[in-house]
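Below are two complexes that have chain A in common, paired first with chain B and then with chain C.
Coming up: the complex of A and B.
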């Protein structure tokens, strides 16, 4: 929570020092950018670094025990992660609201948009967790997952629009970002703080599409990892 | 003094040998970290594609700062990788192993456990400075001097934070949080903050001494700032030694000796 507040404070200062009027018609203010960042960082901090658990289990060989259980490894792992992340979402959500109230004196959300925001954040968190599962399982081939995670995380930061909304990106980069799954993880829910409910339907639809694809990806990666364990041992 | 320096040189040699033990792992971790640092910098490229300046700073200045931070962090974790796990080692009674040696325990505690990805951090400083920062090869000695001073400050500041567990043994998680906050703050230019925050970041929580001050020193070619950075490195190193020695008086664990019997 301290880290979350710290990053909000850093960018509150940074946006205050930024000549935002140079954006012209984009209409982004210091307040709106802080509200946007509060959502992207809320998701990033709530998820944490769960891939490390899978990586450690593979490196330590303890994954054997988990694979022998009747519930599929990926499903059981995700169930645990969802429970843990839900707790952090609630605590950090309260912390984010408190920070916005302190800095802005209000929460820039209407009740219907708040409902949509919760749905979108839940979908985003599920998406990120599914990718963490796949990244953790990469250790089955590479022996470690951390380097893959570093690159993936930075792609999430850049193409997901962690700090700035991708609407102000240069045209080419913005198009790549919008077409990537990363935008569904951060930009889609956070954009509700900028546009209200205007584009909520398209944002949630894109999230559902990426969720379906990510589930297929996770199943394929888990099967591949299990095949490798069977052939090469753990 | 000469004996101590020879001892430290031997420890550093062993640290580098440890990196060579698994060269493929070390090289791939370094390569990924190199790419990781450059990808993250895209954020600043996007920022400066939209905005002309950040209180007088441009993209080249941010590249200079990023280079300072990655060099400082890389040098610290490659040559003094023990700083990352120091609090845990103290709480677990791991200091016993170092106390049993006929030398001060701090060098052997810090100068071990090299983090291979730190090599990628060190390597990525060069494109930040020479390519994105627009500096010349002739600037390298000065850049390396101030960035290495920053590395000493970083290592010392983190060591001081980790020493907190001597007085508060249950603070291992808190130390980890402090460390993460410290590293995070170093990456952003501190001149955007208010006066009070800047004073704090130049003293108690010296994040501004890792990237911002060295970058300013090189930008302004200021001898005073360069001297201040070097003096700060000596001061924080001394402070880390002092705090560690004070904490050591409270250390009473003997569990590792029992384990090693």
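Coming up: the complex of A and C.
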């Protein structure tokens, strides 16, 4: 939580010294950028690094114990992660709210937009967790997941718009970012802090589409990994 | 119906053979190593009746863990058939999970950072155990395995002995009829081992739980099991009762005689004196040459005995000699 506050404080100071009006994008103020960052970091911190659990289970062989249970491995893993992440979301959400109230004196959201924000954040968290599951399972083939995770994480930071909204990216990079699943994980919910409810429906729709594709991907990766375990051992 | 039935079970792993030598790294990059088959289990067949307690033993790499994995459904065999609780493990893995309990000594099924009770609550939810059944089962098991005081402690703070006891409670929560134990006492001190063996023994007798145990510790086998299945290189070497193993595979037994004679002597074929002290003689008896009864008879005839002790070599020595292949069943006289 302290790190979360520290990051918000650093960027709050940084944007105070940045001539934002020169970016040429309307509506980007120091206040709104702080609110945007509060949402992206809220998601990133709340999810943590759960892929490491799956990686460690594969490397240590304890995945045997999980596979020998009467519930599907992926579903059980996600259920536990969702429970853990929900707790962190509540705590960090309160911390983010407190930070915004302290810095801005208000929250730049209407009540309906706040509702949409909660829905969008939940969808984003589910998406990120589904990817963590797949990244963790990569260890079934490569023996480790960390390299895959680092590449994925850098893509998330850049194409997801962790620090800055992807609307201020150069046209080409912005188009790639918008077409990628990463935008649905961070930018989609955080953009509600910039645009209000204007583009909320399209953002949530994109999230739902990516969620459906990610579920299919996770099922395929889980099946492939389990097929490998039952044929070649763990 | 058998609790476990295995017929001609075979598992062969396929892997690439890495080249040997100093430049193997380079060669490995430039050429694709040839595939090779590594047999782990070969044509293994056995049957275990409900309620039996069986030791499944063999040297490292014999195929014990591979067989256990196949029987739990987490590894597919290359050929052959197996039924556990009437189910084909690799086809009905999730269904089978309700009928078996698993303890792999070095692999935990608990959540490291959670308190023990929270881990057990989660496992109860995973196995869909209703609240009432769970509470009564839990209270009985925590008492039996003496873990009542550990329920509120995080798993990470438990000693190895405590953790293994909790692992067994977790494995038994859903009242499985078959318990598969892979090295359950590995790393435990003597006291913890003894306590765990007593608990397992009592529980399996009370609940008629079928136990299939792999262990390198012959103490586990002697205290818990009544039958031994011995495998090596994936093949069945022996399948017999513990009593018969001792009786038929003892090549040498030791007799200690306490006598009135100051320098006792006993000359018989196949019998050698291994220690001689005043009024005391220790003999190694090759039982294939002279049965132990004849040695006792001769001692009673030729010596004035004050005491006689017949010692068996430890089970470990019997099993080790079978692995080495330097013993076979003793031919009855």
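Note that the second predicted complex is superposed on the first by the 233 of 234 C-alpha atoms of A that agree within 3 Å, B and C clash if a C-alpha of one lies under 4 Å from a C-alpha of the other, contacts with A are read in each partner's own complex, and residues count from 1 in each chain.
Basically, contacts are C-beta pairs under 8 Å (C-beta built on N, C-alpha and C of every residue); 3 or more make two chains touch, one makes a residue touch a chain.
None of these values were measured; they are calculated from a predicted model.
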Contacts of A:173 with chain B and chain C, given as first, second, both or neither: first
Partner chain(s) touched by A:164 [first = chain B, second = chain C, both, neither]: first
Chain B versus chain C as contact partner of A:6, first or second or both or neither: first
Touched chain A residues, chain B compared with chain C: B
Partner chain(s) touched by A:148 [first = chain B, second = chain C, both, neither]: first
Touching partner for A:111 - first (chain B), second (chain C), both, neither: neither
Sites on chain A touched by chain C in the complex: 60-62, 64-72, 76, 80, 229-234
Chain A-touching residues of chain C, taken from the complex the two chains share: 13-14, 66, 69, 72-76, 90, 93-95, 97-98, 100, 102, 104, 107-109, 122, 126-128
Chain B - residues contacting chain A, complex: 25, 28-29, 31-33, 35-36, 39-40, 42-43, 46-47, 49-55, 117, 177, 180-181, 184-185, 188, 191-194, 197
Residues of chain A defined as touching chain B within the complex: 2-3, 6-7, 10, 13-14, 16-20, 22-23, 142-144, 146-148, 150-151, 153-155, 157-158, 162-164, 168-170, 173
